[in-house]
Amino acid sequence: MPEDADNAPETPRLLLHELNRGEAAARAADALLVLPVGATEQHGPHLPLGTDVLIVEAIAREAARQARPDLDAIVAPTLPFGSSHHHLPFGGTISLATDRYYAALADMVESLITSGFRRLFILNGHGGNHEVVQLVARDLVLRYPVNIAAASYWDLAREVLASSASRDVLGGRFPGHAGDFETSVILALRPDLVGPLPRRDADALARAGTPATPFRAERHGFWRQIDGHTDSPHAATTERGQQLLDLIIPAVASAFRQFAAMPLE
Amino acid sequence: MPEDADNAPETPRLLLHELNRGEAAARAADALLVLPVGATEQHGPHLPLGTDVLIVEAIAREAARQARPDLDAIVAPTLPFGSSHHHLPFGGTISLATDRYYAALADMVESLITSGFRRLFILNGHGGNHEVVQLVARDLVLRYPVNIAAASYWDLAREVLASSASRDVLGGRFPGHAGDFETSVILALRPDLVGPLPRRDADALARAGTPATPFRAERHGFWRQIDGHTDSPHAATTERGQQLLDLIIPAVASAFRQFAAMPLE
Amino acid sequence: MPEDADNAPETPRLLLHELNRGEAAARAADALLVLPVGATEQHGPHLPLGTDVLIVEAIAREAARQARPDLDAIVAPTLPFGSSHHHLPFGGTISLATDRYYAALADMVESLITSGFRRLFILNGHGGNHEVVQLVARDLVLRYPVNIAAASYWDLAREVLASSASRDVLGGRFPGHAGDFETSVILALRPDLVGPLPRRDADALARAGTPATPFRAERHGFWRQIDGHTDSPHAATTERGQQLLDLIIPAVASAFRQFAAMPLE
Amino acid sequence: MPEDADNAPETPRLLLHELNRGEAAARAADALLVLPVGATEQHGPHLPLGTDVLIVEAIAREAARQARPDLDAIVAPTLPFGSSHHHLPFGGTISLATDRYYAALADMVESLITSGFRRLFILNGHGGNHEVVQLVARDLVLRYPVNIAAASYWDLAREVLASSASRDVLGGRFPGHAGDFETSVILALRPDLVGPLPRRDADALARAGTPATPFRAERHGFWRQIDGHTDSPHAATTERGQQLLDLIIPAVASAFRQFAAMPLE
Amino acid sequence: MPEDADNAPETPRLLLHELNRGEAAARAADALLVLPVGATEQHGPHLPLGTDVLIVEAIAREAARQARPDLDAIVAPTLPFGSSHHHLPFGGTISLATDRYYAALADMVESLITSGFRRLFILNGHGGNHEVVQLVARDLVLRYPVNIAAASYWDLAREVLASSASRDVLGGRFPGHAGDFETSVILALRPDLVGPLPRRDADALARAGTPATPFRAERHGFWRQIDGHTDSPHAATTERGQQLLDLIIPAVASAFRQFAAMPLE
Amino acid sequence: MPEDADNAPETPRLLLHELNRGEAAARAADALLVLPVGATEQHGPHLPLGTDVLIVEAIAREAARQARPDLDAIVAPTLPFGSSHHHLPFGGTISLATDRYYAALADMVESLITSGFRRLFILNGHGGNHEVVQLVARDLVLRYPVNIAAASYWDLAREVLASSASRDVLGGRFPGHAGDFETSVILALRPDLVGPLPRRDADALARAGTPATPFRAERHGFWRQIDGHTDSPHAATTERGQQLLDLIIPAVASAFRQFAAMPLE
């Protein structure tokens, strides 16, 4: 489609949905396509249902911007729904069952491959998606000559956080769910959407919760017992949220660069 | 969750992802939940891949605003991916196969029902989704005591357009794909995303295209033959796009009101 | 299989199940294969469960006969079961769930393509199948170099009915379900299968029913509220049924001709 | 639905599709519902594609008639398509993949159970369906308080054939595919559909074919090697076909009686 | 992988899981791959849950040994779980639903084909798997140029048992479930796992059970009525079990030889 | 089933397949059911295809023994096949596709829950299964009032290894695939199955391999580039393997105890 490619603006756009087909086709072979995936689900009594989308979209787009000019990054629309069945007993959750989420995501990535992209990075912002995004990545590289990365943003930032002033965040539930970490970040991104911060003492949480274990312990009724948030958000602040974002986003940008530099077969 | 409900702001928010769980739970039983569904796919050489998302999201949100105060409307995040396999040969398309799109959408609607919503309106902005959204609606009301509407926005506006100064749009391909109609509307919404308008004479289109028939005629290779757009966009203008939106949005708001007034069993 | 083809009778048979493999193989590349699909489901207190099969099979076969000698039509066995879950609460319904009906029908059409047919027309006789047959048509032409049409017979006849003495049928529910239209047609085809015609006044129907809307409004419990038929059949007559068939069948034959004449890629 | 039941004719109809919903509902609890399943597939160079449907439908309906007045039999429409992928390389075959055939058939039987039937007999007329119909029967009785039988008609007749003048049919391939047995039966039912009978010497068949083994031996390319029929049909006659039907149909009727007499839990 | 093949021991190993990849690759094209499939399910009050696995694994491995040196047999790990939903109401059963069992088994066999095996024998030891293993065999030979056999071990031994001193076993339920036959065999294989043998008189069984019929009669609640075993095991003995194995294993070995000798296309 | 329970031996058996149904039913409510899952797949040129099964089965059974008498452990048969599509290009691999493996495993666990078990521990021995076992655990606790753990054995031992003389194993690829770690363990368990140890210098591996990254980087062709093993096994020894097992098994036993002590809802 060379005639279409002539329409490409001088400064390449970042967002896939703002490109036209010619621009997408012209850049696909060499670009890094970032696919952010989130969730719409309960986040305690105080955070908006779109918390995961707000965070992962902000991180994905800003990290992609920062990764330039080392690479040509294109960010796809965020999938705003994920695997959230464990939150269905609370209000406002939209969720896909595991097998359907896997199938939908695989179709999405496969069509991007069909469109010519060869380096794809699924950036995840919701714990419930963590395993599925990895499965999609590993399964599709077996069928197509492409490289695919899958990661939850918090894993990309763990190292840099450890050597930062905010390293205490790693001592608790990180990222947790609707607790101190996510509340701080939403305070930084969209303070207008945050309600009064609930306080829960650590003892109450300990009584209800599952201790940290080297195995995955799934217990019926767990999320109801902890009222849908993993740790107390009462001390969250806007400043802390911004500090965390300032650490996380460069770490994600760095991951984008590292992955984009890996050779294709 | 009465304690959560106390957090509800005085003016109820419109967007589901900006609500917290308590607000969603408190309003679910009486609200109209609007779920916009779009697509990310090629739209000719000149329109952005996100054309369908941009249009349906703008219409859904503004129509929901206009439908107030007659009803309590809540608009879910737009599903930015749909059933677009016919556009895969072009660049930049993200698509779910029919069975997977049906399954994903059914899961989404089912979880909203689980969250307490009883009146749901799937507002579609992409032709390839047209049949699937209807199937999801009819299948889920058999299993749950709810009312579900499904419609493509252009069908809601057909009548009002017929008696308007813009009635000529109905004489051509309406809404078509990446032709005069969609180009005008994107010019009104996001002129910065529109490239040079291609011109195609009607004869060329007629030679390549499928004539209007009372049956659905699907032909292998059709979309390539017409270069991915159904009619010539060369005469599209911003003004015309705005006029069309000004007719369509109130018609959609009217449909919201009409559906919300239907009794539950 | 040239040795088989020698067995072909001089006047080609119409019905696929009466052909042998050699005849089918010899004619496949140039024939129009018509696949009628119906349903076995409740049709009010007075019409037989096989109403949709009886009607669509009669129309498909006679229209195919009339379309000759302009084209070589072959009519496959009618699929007597469809997507009828909304009728399950009544007696005698046999139904496939949406995803299974789509999958079964896709397999059927795909095997016909494998057998060499390149022009296939799915003629539908049951409202519940309307969306699925279209999805099957559009999805398979993406994978095979064939043309596939999908239509419900009533849509093919709408135009000719509008300019006929029977145009009043379009003013009501058309085709409706087990109402005036279908009752008249079954009276013409199989009067022995029609029981006493129930009468329902329009007001009762209006109170229970869903008004005509430009959107698809699905309401839980709807079919029970209207006792499984959409309009009153009390005035149906054999003569009217025959008149309707005499209008519909040529319209369907015309659609067969029009589709068969469309070029293959 | 007592008001509907008043419409039931004095002599109950045999065919489900000729009943109305009230008749079906009134008889379901005590009737035997027979569901014939066939196939549309190549049957050698000489037999029609609908061979299996023609045979199983004739047997099912006549056996059901003969089983009266000992039981109230109702015969559903024949499913004219089955599991015939092994015949796809020949012309004219319509087939469902195994998993889709299982799913479709299970839905059909499940909806009959929902309609109130408690004794269901799946009568199979195509070898490729033999295992699937049994799986459907066994799986659904685990979920519903009903009795379901599944059988291929030839297994019901094996014993009576062994003590008849036609016992020689058991010495060969019985029923085989498009060989002596099926050819004779189609000659009896629809002689107009039978082409010149091919002759194949036993040695040629033995060289190509798979010997009788106590295990299921599936070999790639087998059906092409034997030209799609298992034994030579050259000696088939109408008289022999009629004699076989006269033995088979009472045996099937007897099975209907025996099964209908089995107690429900 | 010639360098790997050098690692092959002089006496080829029997068990696939003991081979390394080079040995497997080197032998695949000419070997017979035996895949035993069993079940973990209730076997009456007296037999272990692993009865079917113990029996089929013992038979498969010893028959494969005996079939040497006529062929190169390799025995895969036994799939210890099968289609046992009918035994779920009793304790200790692990079961896959029919469609999932079919899919899992098909994947297993397909990956063996991908690994180069061209002759595969699925040896089944559990009645509930009988149909599914055959379906997998027939479906995969259509897609790959291989030969696949599927058999339940008892069918392979039926003929030899008929002319043996143990022919009486054929007069009863053979193999039945947790009755005389299986109890004898487990007494021979693992007497330590057999509890006190229950006794049930034939009349009680007859009252509860389903008579032998030429059709498959499935009745809701059947397995509970007969307390999960088909015939009385009270007379089972170790000696009889050993005699039966001594007849069955050579018969299975003979089937392996016969199948391995069949030509590939 | 109290009469069955009387058959329980005084010392309860460890292996589920050796229990009878009464023993299983009697112990289910209070026991910990351990389900080991492995794989049959290539393990370099030197290790047996059953490496993962041999290791995880040995660990699961011995750890369960050590966990007594603190809890009543029952070990199910090992599922010897897993998600190994990435190893299919090498010889001898048996693999289930991701969605089928998830479905099969979910059915297995669900039937154990139906059988009365309330505490289930899926112990995984193959990296390719790691995400799927976790998804099964989390999804089933949402539907049943049970606790389910899922873990790969190496994660359970990471902490104890870190403070041991064998801590160096954590510095390399741990557990890796067919490298130093697994080779040592198989040397300890089944030295007869280990072929000559290949040697690969670290530089070669580095050139081919993927560096450790905080994201999951999947590259087409990766496994072929590293010849199917992640690190050089040349220095593996039996002693080291035994030392590792002596550290791992108690750690797994400890996890069993910790999980069994968690309260049910």
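Going by the order they are written in, the chains are A, B, C, D, E and F; count residues from 1 in each one.
Following the convention adopted for this analysis, a contact is a pair of C-beta atoms (placed from the backbone, for glycine too) under 8 Å apart; a residue touches a chain by one contact, two chains touch by 3 or more.
None of the values given here were measured: they were computed from a predicted structure.
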**OP:** Superimpose the Cα atoms of chain B on the matching ones in chain E and note the rotation angle, 0 to 180, in steps of 5 degrees.
**Re:** 180
Original post:
Higher C-beta contact count, A-B or D-E?
Top reply: A-B
Original post:
Between copies chain A and chain F, are the contact residues mostly the same numbers or mostly different, with half as the line?
Top reply: same
Original post:
So which chain is the furthest away from chain D, centre to centre on CA atoms?
Top reply: A
**OP:** Could you grab the centroid distance between chain D and chain E? Build each centroid from C-alpha atoms only and quote it in angstrom.
**Re:** 29
Original post:
Any idea how many Å lie between the Cα centroids of chain C and chain F?
Top reply: 55
Original post:
Between chain B and chain F, what is the separation of their C-alpha centroids in Å?
Top reply: 48
**OP:** Pull out every residue in chain E that's touching 2 or more other chains.
**Re:** 85, 88, 97, 103
Original post:
Which word fits how the chains touch one another: line, ring, star, complete or other?
Top reply: ring
Original post:
Could you give me the chain order round the ring, chain A to chain F and onward?
Top reply: A, F, E, D, C, B
Original post:
Can you list the residues on chain C that touch chain D in the complex?
Top reply: 1, 3-4, 7, 15-26, 28, 40, 42-50, 53-54, 76-81, 84-85, 88, 90-97, 100-101, 103-104, 107-108, 111-112, 114-116, 190, 193, 195-196, 228
**OP:** Quick one: which bits of chain C touch chain B in the complex? Just the residue numbers, please.
**Re:** 85-86, 88, 97-99, 102-103, 121, 131-132, 134-135, 137-142, 144-151, 155-156, 158-159, 210, 213-222, 225, 255, 258-259, 262, 264-265
